[in-house]
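Two complexes are shown next, each including chain A; its partner changes from chain B in the first to chain C in the second.
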Partner chain A sequence: MEFEKRILDNGLAVISEVNGFAQSAAVGFFVKTGSRDETKQISGVSHFLEHMLFKGTEKLGPLEVNKAFDRLGAQFNAGTGEENTVYHAAVLPEYLADVTHLWTELMRPALRDGDFNMEKNVIKEEIAMYEDTPSFDVIDKCRSLYFESHPCGNSVLGTRESIDALTPKQMHDYFTSRYSPNNMTVAFAGNFNWDKMAELIAQLCGDWRRQNVFRETADYAGTIKAERIQKKNLVREHICLISPAVSMQDERRFAASLLATIVGDNVGSRYFWALVDKALAETATMQRESMDGTGAFYSYIRCSSENLQKVLETVKDIFENLDGKGVTEAELTTARNKILSALVLKNEIPMGRLVSLGFNWIYLGEYRSTEQDIADVKAVTVDDVNSLIRQFKPGRFTKFILGPDSTKTNQT
Partner chain B sequence: MASKLDKHVLKNGMVILGEPMEAVQSVAFGFMLPAGASRLPDGCCGAANIIEDWIFRGAADMNNRALGDALDSLGLNRFSSVGSGHLSIGAALEAENLAAALELYAKITRQPRLDDELFELAKQLALDHLAGLDDDPRHKVMLKLKEQFYPQPLGRSTVGEAAQLKSLTAEKTRQLVKQHFNLSRTIFAVAGRYDFDALCSQMERLFDTGPQEESKEIELSEKGSKYTHIHNDGAQVHIALMTPTVKPSDEQYYNARMAVSVLSGGMSARLFTEVREKRGLCYAIGASYHGLKEAAGILCYAGTVPQTAQQTLDVIIQQFDRLKDGISEQEIARAKIGLESALIMSSESSASRAARIASDYYVLGRVRSLDEIKERIEQTGAESVQRFLQQNPFEDYTVVTVGPEKVALK
Partner chain C sequence: MEFEKRILDNGLAVISEVNGFAQSAAVGFFVKTGSRDETKQISGVSHFLEHMLFKGTEKLGPLEVNKAFDRLGAQFNAGTGEENTVYHAAVLPEYLADVTHLWTELMRPALRDGDFNMEKNVIKEEIAMYEDTPSFDVIDKCRSLYFESHPCGNSVLGTRESIDALTPKQMHDYFTSRYSPNNMTVAFAGNFNWDKMAELIAQLCGDWRRQNVFRETADYAGTIKAERIQKKNLVREHICLISPAVSMQDERRFAASLLATIVGDNVGSRYFWALVDKALAETATMQRESMDGTGAFYSYIRCSSENLQKVLETVKDIFENLDGKGVTEAELTTARNKILSALVLKNEIPMGRLVSLGFNWIYLGEYRSTEQDIADVKAVTVDDVNSLIRQFKPGRFTKFILGPDSTKTNQT
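The block that comes next holds the complex of A and B.
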């Protein structure tokens, strides 16, 4: 695997990792912008803008854009989160230049009023879809409770009201300030010719104008609030717990991942043995989500109303035990093996590799090989994990529960 | 796009299939046990889900915890699923741990402990997952659709029925394991980095079980209702519909796949264009081919707010109907490249390769090479797809909705 990079004069970073054995190639445009970069007045604009990029340019209408992707057999999509908007495509190697060319055009969109108004309906349908997905909804609500006024608590989707109120001009202004070349990274992974791709990007994106881009990245320790909302159509208790963790820039992120795996992997973890194996909850998982300058552990647990109190008490016991006794060497070894094999599997696919490549560059400004990640996971000790527990106290969490209204168990 | 197939039949009859992949460090393996939802006797709907959990709660000399810890220590990326025909279990992992993992899976499939006291936990979890479906209307609508569309017991719920789950006892379920974990009729597939000779001799040793007789064929009965509505006070009406088409073994299979791709292969396909791009009716809209060995259909899902549910269904059916009236060469070209690219890209994952060869072998009795699939896709054209649609028109829809309002079938 060879890493290559080129930074254009306007600040656009172009990075790549070639794998001559791969059957495909992947390209991604990583824009460092998301809901945390929004104000209340434009809530949901990052995600809405991501949809609008597919509506084309002055020369290319929406239906032509879709046909252009499909003609290349591209497996493509885009996603917007709290702090990144990522556009990606995987194709057979012979189509990489064409699909890259297409993305570069879309990155300078027309943002037509007609498309804007039509797409509002689609966005509102997406909001409705997630309302019907309580496992998602509860995490969104808990994040907002945890982060309170910190911008990381902003909703990615926005609300029906914020979407209705949004104007094309507000979106245009947001686009100009955020989709600036010095706030973007183009990454390639898989089987391709680097020189050709670097030259292509230089030619097509060299005249994009640089803007001053800023993001507030204050760390945040979170509230330790608790709330429960009742919805009459629900039958299960959906529980989300959020507590502080390390940021993407923190070297202890591997130790934090190991801790999350020990506590909340879907099998064989402390949650698993205490909650799922005992049939108290049907699902119980914990993950580390590191962000720019801050980070959090997220747990999601689903159970019956009848078991809710017992589940919450068990979770309390798990964290008390963790706080008092720490993790064991055996637990660490198992978690390490799980993370290492997941790393190997993910990085065998160009699309999986693309994601690591892009995010390492955005957050760390550096290239990390799969081997470096493996070595860092292997180097984590029990002491490293235990000192994280002492510092971050994962048992001090913000808790949000979405559940049915028929239950008598309404304490939180 | 060359692919090589390794094949060996164990003395007990178990078929071992392998597809080696260069340049990967991983391997994926899976056992397809003939104990899927439709294979179990009537009155046991959901038993496979209890079994899927129960067999992992201790095997041979290892108790629940010891087995769980042993599986975990190998860093397995485990999977298990209940389908219509099979209960499938397996994992993706680093290649060096394959032999150790197979030792454990042999214990699980041959000597699961099936302790009485752990049965109730496995059963409770199966009931909980079933209850959780009510909070997952999108999943629920698809399960209900297959249940109504396929002749029983093919579409039997792969999650279970509450009353039947509740009535199951440890003894009854243990008998089901004994009868249906037929290792002579099990298909084992592996893909990625492995040594086939070493693998086969290990598998011969592990599954030295002697042949078992084939269980009797299932009898198919009537299909369900044309329209089913399940009330849910959610934000959207979740619409699912299905129309019969040719089976995977049919000569016309590739024409059917092309037809679905023209409808829903990409963002320029007809459903996305007409339902989402031109009318803004949905966020999620898509159709796909769904094939069992015995029957197949094209299924479609859309989620939309109640005010636009009827219009969404009408536009979808209109698009299905219109397909037979003409397809352009450009649409065919896009469908071909889409199918071929997806095929090659999915072949980069050891887990998806292992799943594909096992399913091919079960459904077709042989494994297609990637080149053969590509060639068959290439042989289709606007004319062949249209002729197929005229001979096999989309009609006789089964529709299910979950949400605050019903729709009307026209």
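The block that comes next holds the complex of A and C.
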């Protein structure tokens, strides 16, 4: 594996990891923009814009875009989050230049008014669908309660109202300022010729105009609040808990992942043995989510209304025990094996390497090999995890519950 | 990549493909048994038995099994089909011996009466769940209509009645005759020491007793029938079409895959442009499913009752056109790129290689590298696909429709 990089004069970063033994190649365009970079007035514009890129350019209509990916046999996708909008494709090595060329065209979209107005309905349907998915909705609502006015609490999809009110001009302006080359990274992974790809990007993207780009990244302590909302159609209690954790730039992020795995991996964790194995909850998981300058632990638990009280007491016990006694060497060993195995399996394919490559560059401005990540996970000690518990106190969380309206248990 | 094999005295096949550059390793136990090897009296026993293996051995209880996989950080799973029951795990190389040892223990299960009776309810819940999933149910019902009394039409899950009536003795007998070492293949892929793993299997499985094992593999022409069933809770028409195709042993299987992709890939296919892009159907796909000695093309289409008639007419037109004019060079090129890219991406990870390795051995008794498969896909010509169409006539299908009971369109 060799790392290569080249920064164009307009600020566009081109990075790559060549693996001559791979049989495929992957390319990704990472745009450092997401819901946290939006104001209330344009809430949802990042995600909406991602949809609009597939509507094509002045030269290519939506149908031609579809056919072009199809002809190359490309496995492609895109996604928008709080902090990044990522476009990627995996292809046979001989089609990497063609699919890269296609993406560079899509990155300078036509943003036609007609497509914009049609696509509003697709976005509003997506909003409706997610509102009807309580496991998603409860996390969105809890995030908003936890982050309050901090931009990390912004919804990725936006609201029906913000989407309805959005104008083509607002999207154009957002596009111009955020899809600026100095706010983007192009990454390649797998089997390809680096010089050829770097030259291709320089040729196709060298004339993209640089803008001033800014992101507010102040850390944020988070609230400690509790709320419960009733919905008629629900038959289960959906619980989300959020507490502070480390940022993407924090070296303790591996220790934080180990802690989340010990507490809330989907099998064999403290949540699993105390809640799922005892049939108190149907599912109970905890994850570490690190962001630019801040981070949080997220728990999601689903149970019957009948068990709600007992589940909340058990969660309280789990965190009190954790705070008092810490984790054990045996727990750390099991969690380490799980994380290492997931890490290695994910990074064995060019698509997996691409994502690691891109995010390490965006958040850390550095290249990290899979071996470095493995070594860092292996180096975490019980003391590291326990000092994280003492400092971050994961039992002090903001809690949001979505539940049926007919329940007798209405305390939060 | 090096292929290695060793056949133990009791008939157990141990095969492997070592890839010194992989960072993980995978192991799989392939048992050549499934619903087609069952009689009506024991319908569903293969799948039920797969569940029972995780209940442990004389020495290991279900909880210990769970904890053992957990401790190794193993990503593991099992699945039962018409022809095979497969158990597999991917781990870091240093845990391959341990996870292999664990699987060899599970392959000689305790099959306790208490676990057997408890698990019946789990199986019956799974049957109920799939019956409530019309996209699954319609294929199951269509397969049964198409294969009639041929064992390939047997249901994998069985029925509530067959599961209720099943006795521990019947399962024991089935286990003894089917999980015989000469009916099993152990496969390894990824980064590991072949001699060490072959020796481990010889030590742990060398004393498994060989039995006489038999499978009926006569080819089958299939019926050309049509049926429609109404269900109150449905809001859409679910259509399944089945017609004859090539077996796993037939060299034309790559041409058959290309044909299915041209007709029914989920984007860019004839179905896509004529049905999905025109908003007549919500989804429309076709796949080639090859089996031991026989094979079939399966189509699944979902649409509103209002569009049903138009959809069926369009499908008729598609196949008439295909029969009369064949496929084009451009269609073949696009389909080839899609199949090659999916093939390469799947086989880039040890888990993907493991599955190819195992099935090639079971069905063909040979090793095939990814490169051989690529070459065979590339070698298929328009003439090959067109002669397949002339011979198999995919427009002559058995059709099953599951739809709402209030529809005005009740013709099938």
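The rule is short, and it goes like this: the second predicted complex is superposed on the first by the 412 of 412 C-alpha atoms of A that agree within 3 Å, B and C clash if a C-alpha of one lies under 4 Å from a C-alpha of the other, contacts with A are read in each partner's own complex, and residues count from 1 in each chain.
In the analysis below, a contact is a pair of C-beta atoms (placed from the backbone, for glycine too) under 8 Å apart; a residue touches a chain by one contact, two chains touch by 3 or more.
Quick caveat, the model's predicted, so the values are computed rather than measured.
Student: Based on the shared chain A superposition, would you classify chain B and chain C as clashing or fitting together?
Tutor: clash
Student: Touch check for A:221: first (chain B), second (chain C), both, or neither?
Tutor: neither
Student: Considering only touches as defined above, state whether A:7 meets chain B (first), chain C (second), both or neither.
Tutor: Neither partner.
Student: With both complexes superposed on chain A, which partner does A:375 reach: first (chain B), second (chain C), both or neither?
Tutor: Neither: A:375 stays clear of chain B and chain C.
Student: For A:341, is the partner it touches chain B (first), chain C (second), both, or none of the two (neither)?
Tutor: both
Student: Scan A:234 for contacts with chain B and chain C and give back first, second, both or neither.
Tutor: A:234: touches chain B, not chain C.
Student: May I ask you to name which of chain B and chain C touches more residues of chain A?
Tutor: Chain A has more residues touched by B than by the other partner.
Student: Which partner does A:364 reach: the first (chain B), the second (chain C), both, or neither?
Tutor: In the superposed model, A:364 contacts neither chain B nor chain C.
Student: Between chain B and chain C, which residues of chain A are contacted by each of them?
Tutor: On chain A, the overlap between the chain B and chain C contacts is residues 21-24, 66-67, 70-75, 90-92, 95, 267-268, 333-334, 336-342, 344-345, 348-350.
Student: How about chain B: which of its residues touch chain A in the complex?
Tutor: Of all residues in chain B, those touching chain A are 1, 22-26, 57, 64-65, 68-69, 71-78, 92-94, 97, 120-122, 124-125, 128-129, 131-132, 134-138, 232-236, 238, 265-269, 272-273, 276-277, 280-284, 303-305, 330, 333-334, 337-338, 340-342, 344-345, 347-351.
Student: Would you pull the chain C residues touching chain A in the complex into a rising list?
Tutor: That would be residues 21-24, 66-67, 70-75, 90-92, 95, 267-268, 333-334, 336-342, 344-345, 347-351, 370 of chain C.
Student: Could you please specify the touching residues of chain A with respect to chain B in the complex?
Tutor: Checking each residue of chain A against chain B gives 21-24, 54, 62-63, 65-67, 69-75, 90-92, 95, 118-126, 128-129, 131-135, 232-236, 238, 267-268, 272-273, 276-279, 281-283, 302-304, 330, 333-334, 336-342, 344-345, 348-350.
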